[in-house]
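Notes for the one structure printed next.
Going by the order they are written in, the chains are A, B, C, D, E and F; count residues from 1 in each one.
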Amino acid sequence: MRPSDQLRPIDIQVGYLNSNPSSVLYRCGDTVVLCSASLEPGVPGWLEGKGKGWVTAEYDMLPSSTNPRKRRDRSGKLDGRTTEIQRLIGRSLRAVVDLKALGERSIVVDCDVLQADGGTRTASITGGFIALATLIKRELPDSSIGNGPLRDSIAAISVGVIDGEVRLDLDYEWDVAADVDMNVVMTGSGRFVELQGTGEEATFDDEQLTRMIALAKKGIAELTQRQLDLVS
Amino acid sequence: MRPSDQLRPIDIQVGYLNSNPSSVLYRCGDTVVLCSASLEPGVPGWLEGKGKGWVTAEYDMLPSSTNPRKRRDRSGKLDGRTTEIQRLIGRSLRAVVDLKALGERSIVVDCDVLQADGGTRTASITGGFIALATLIKRELPDSSIGNGPLRDSIAAISVGVIDGEVRLDLDYEWDVAADVDMNVVMTGSGRFVELQGTGEEATFDDEQLTRMIALAKKGIAELTQRQLDLVS
Amino acid sequence: MRPSDQLRPIDIQVGYLNSNPSSVLYRCGDTVVLCSASLEPGVPGWLEGKGKGWVTAEYDMLPSSTNPRKRRDRSGKLDGRTTEIQRLIGRSLRAVVDLKALGERSIVVDCDVLQADGGTRTASITGGFIALATLIKRELPDSSIGNGPLRDSIAAISVGVIDGEVRLDLDYEWDVAADVDMNVVMTGSGRFVELQGTGEEATFDDEQLTRMIALAKKGIAELTQRQLDLVS
Amino acid sequence: MRPSDQLRPIDIQVGYLNSNPSSVLYRCGDTVVLCSASLEPGVPGWLEGKGKGWVTAEYDMLPSSTNPRKRRDRSGKLDGRTTEIQRLIGRSLRAVVDLKALGERSIVVDCDVLQADGGTRTASITGGFIALATLIKRELPDSSIGNGPLRDSIAAISVGVIDGEVRLDLDYEWDVAADVDMNVVMTGSGRFVELQGTGEEATFDDEQLTRMIALAKKGIAELTQRQLDLVS
Amino acid sequence: MRPSDQLRPIDIQVGYLNSNPSSVLYRCGDTVVLCSASLEPGVPGWLEGKGKGWVTAEYDMLPSSTNPRKRRDRSGKLDGRTTEIQRLIGRSLRAVVDLKALGERSIVVDCDVLQADGGTRTASITGGFIALATLIKRELPDSSIGNGPLRDSIAAISVGVIDGEVRLDLDYEWDVAADVDMNVVMTGSGRFVELQGTGEEATFDDEQLTRMIALAKKGIAELTQRQLDLVS
Amino acid sequence: MRPSDQLRPIDIQVGYLNSNPSSVLYRCGDTVVLCSASLEPGVPGWLEGKGKGWVTAEYDMLPSSTNPRKRRDRSGKLDGRTTEIQRLIGRSLRAVVDLKALGERSIVVDCDVLQADGGTRTASITGGFIALATLIKRELPDSSIGNGPLRDSIAAISVGVIDGEVRLDLDYEWDVAADVDMNVVMTGSGRFVELQGTGEEATFDDEQLTRMIALAKKGIAELTQRQLDLVS
């Protein structure tokens, strides 16, 4: 069994699709997400004329990504979980983008889950950042993180409490067993962007909170290193 | 100006509607939410036959609750914010309910915002608990908190960082000015149920996190007292 | 039991919400409707460039307004009853508005039922007029009914036939018992705007029609007096 | 110009479609409606087990029925006018049907407008009754009006006020010119089922109401005669 | 029984509706389709500014066109069969229209099935062409087929294999019995536009293909003659 | 330039996803489709109790599969092209399945396009068959093609006419240039299942038809060989 403070093995392929060089196949364990960043002219209506750009994310799971098969949602209504996740990804990515420096154009980051084994939302943020950074680097070759539209890097990981023990990077089996789970989104420089801790039919105390945050920081530092190796 | 560690004035009317004795008009400052709990036979399909009950919440804002008027959403698609809020309210209330003790029946807690001035989701949780507890007390007069379906009380409050200062209970004006805001949901016995901290185009550090949590605990202790005066 | 020719007790609070001074809480017996008028720039597309304004209404019932709880409709399709009612409210209000004098802008009157005990559509018209007149008075302080965009006042009441007897102002219990019911909308000067008489699995004759109309006129005269006390 | 108290010429073909012998092509002037009655097993869920049947109507207009072409509505939301009309047709037909005598089965009356020149809803009621009566006669050859599921006949006509003059059977041109229009639905024995008088941006007084009703009665007596010639 | 190489009897009424002179009632056997062509200003957004016009088709079936009654689809989602058919009709008609010669305007051809006995899509194409040609002739009296926006005529017919025998013009009974059916769309000058052969749970070989095509050509030659008699 | 009678290079990975061993990554040139077959209990309602199984297909394209990005369709309405394609895939696969031998259960074949360069529907059929056959082989190890639920293999390819020349296996560039394109679906034993030839704003004659069919047969024979190498 994987030690409680260790990430799953990670494999990242940048430029996975010929049709889009800013596409990234991000694997952590058996979770596989295809993240692609696309540039689009203009911004949403409520942002027009303000000299700022926009970054948004869309998230979906292929039917074959789970076993048993996940029914394809064609109702025209996004389910609550999908809505929450793609709003979280978008907010997280925007936290490190200087929207003024982007100018009046939009970046859409598509995160499509090919295989789901827990942690798809944090994988989407971590992999989505690599796709975003690849796109910006192609458009603005002279920019770098901290110098241009990208102010910092961003990565995310889950932590949780299972039978009283705090664990890092929950796969599906651990996620089901967890009483509490928390997703943490942090910048490369170590500041929080999002902290979402939830006990479904359970609660947690101060000490558990402190230990979860410490473990998340350790994991994010490792992810940040992997990101910077690819995009800086 | 209100001190940074002080709640807005709170006014709570239990039994506001003749049509439903478990209806609560909850005011905190200029935020007014009508919370009503209703008992319904049966449970959702995926829970049938497990000998457990269910608690869910629905949240909406009247068009006249904001100025300018909020367009009435009749698209058939819940917007992302509404979806997130009503899922949060439901999870929070379920955290203190013993679903087995409830038996195979459902409680719906409707939270309709009559007037919005910031903090409608936390008001919905705090007021929704009073509606829920009133309903359970009417159905099971011999039960009490800790003895029957209700294991504990639950309340929620927001905190945030404005110009570097940590503030309690954000009204609309403060919410707009805040770089970071965090919603904290805690039980009467002082355990966390949800912690949602977000920096939209901003970040926060460990020290700010510690101070926000401390301030939230202080506010929730006061709210818990108000709740227990009414329903225990 | 209330005499057959008598209205239920009426209570009207103008400026009920701080967020909108043109909000009216209208109670008749146990029916409670929150009516709010809002001014919006522009007119619907088909009316653009004609130098006329528009008045429309939206109607909805809170889930907790009935017992048992009314399921919240989130299908995206307005049910037939809601559609009919809000079209009726809109037509009725427009009948006393000089749309040219209004100029190219729109007024939306929201009628949200907090508690339903029969007569919600007629309460919405009577209360909605007060909200509308309050808004116009605030925008055009020199105007008055008959002098400015408002040509007259408008009010509405229901009448019906129960066991052969004609009765005024049907509450829920009477409405269920009625063989025939008729909604009458009239101006303050005593002219008809709408007359909708319906026998569901029943019919009515000339004499009953004459008596229903006479009783409705009596009720509307009283409502008009209440309206004029508040808005003229 | 047609005299103000005269109906448009009427032509009725029973059994218009080979696929349904209870299909009726109903023409009054240039308004053409195809009315078909179909028997279906069972009743809507809320009526199950009560030993009663149900009658409902659906109304639609072909795109080519108007000039310019009416856009085909494929939004999944019935517009307000269509909803109101098909509810009116259904209520009107049910007023003369003994639902108990029908037994636990449903009749759907489809009213599809092939060409629209005013009065499509009243034509749908008058023609729809013929389709309904034809179907019942085929199913229950020994029944007759007044003896079996049909208690009476039903017909409908419009009246209105144009330049102060009361007129019968409004075609499109008259309808546009009318200040007030009223649809009257009556049984063959002369009792009212529905009375819907509306002044859009206009009003009417007692005397006009009296004259409209008198004229409507005259028209309905003629329509009743035409119906009875075909189905009794 | 009709010989295997013979069309059903055809009856065509041009100008069936007073409201639209380009309306055609097309009957082949017991299949009856009302085809109407309407001119509309402008073109779809993706075609704007290219100096070309557009031709599109909409197809629907009345509920009473089949026995038992076909449920009216008001879900807002076109079912797959309807979508395929109206795309096929549109493509077929466009194949003989010089969209440049049409200029920047659109023609909508509505095909509404009044009675369905097999072959409604091919009847819609054959009848729809007559409606289209009638409209163009009215707008451009000096044009003719081959000289103006219409480059050729177009017609369609079905063929199939029943118990090993190839048959022309499948009515409903034959269609149900067929192992293979093929719809063929050809111009008056004998060139293919569409060829759609399908074996549902069956297959076909080269020789059957050759014989089906030969029979379809014979049928289309007859239909072309009928069309040219009416519109050239 | 690729010779006109030659297929693009093909690469097929069976068991691409750990979560589903019946998943196939099918590449032909730059077109990449992920095909997964899943077994589900039961059959659609209209097939219940007939002792037969069902095979259906769902088709979708990831937003990043095209450049520029294809907008994700979340309207709840399948566009016409998607509807046509997934109906075609389903019909094609069913043509070689003995639904009785399958028993009362369903197989869903998901075809999700990761990268699109023309020919995605024919790739979905050819790859979808491999996923289907892999699933059946796992469930019924003793079955083989011709002996068990699978009666034959099935594959598909496109052909077209470009500047008068007939070409095999159209990629995106050729597809845009083609005047006529035809999709051919055939069994391994050389019988037709579907033949869909279309000239958008163009037509074709007998000789072109003959040559397109000959070329398609050649391509399908090669594809069949590749399939049998993997699944027999």
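Here, a residue touches a chain if its C-beta (ideal position, glycine included) is under 8 Å from a C-beta of that chain, and two chains touch if they have at least 3 such contacts.
Because the structure is a prediction, the values reported are computed rather than measured.
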item	value
Steps in the shortest chain-to-chain touch route ending at chain D and beginning at chain B	2
Chains touching both chain B and chain F, listed by label	A
Cα-centroid distance, chain A relative to chain F, in whole angstrom	34
Cα-centroid distance, chain B relative to chain E, in whole angstrom	60
Centroid distance [mean C-alpha coordinates] between chain F and chain E, Å	28
Rounded Å distance between chain A and chain E, as computed from the means of their C-alpha atoms	51
Residues of chain D touching at least two other chains	76-78
Touch-based graph of the chains, sorted into line, ring, star, complete or other	ring
In the complex, chain F residues that touch chain E	76-78, 80, 83-84, 87, 91, 94-95, 99, 182, 187, 190-206, 209, 213
Touching residues on chain F, where the partner in the complex is chain A	17-20, 23, 30, 32, 34, 36, 38, 40, 58, 60, 62-69, 72, 74-78, 108, 110, 112, 114-117
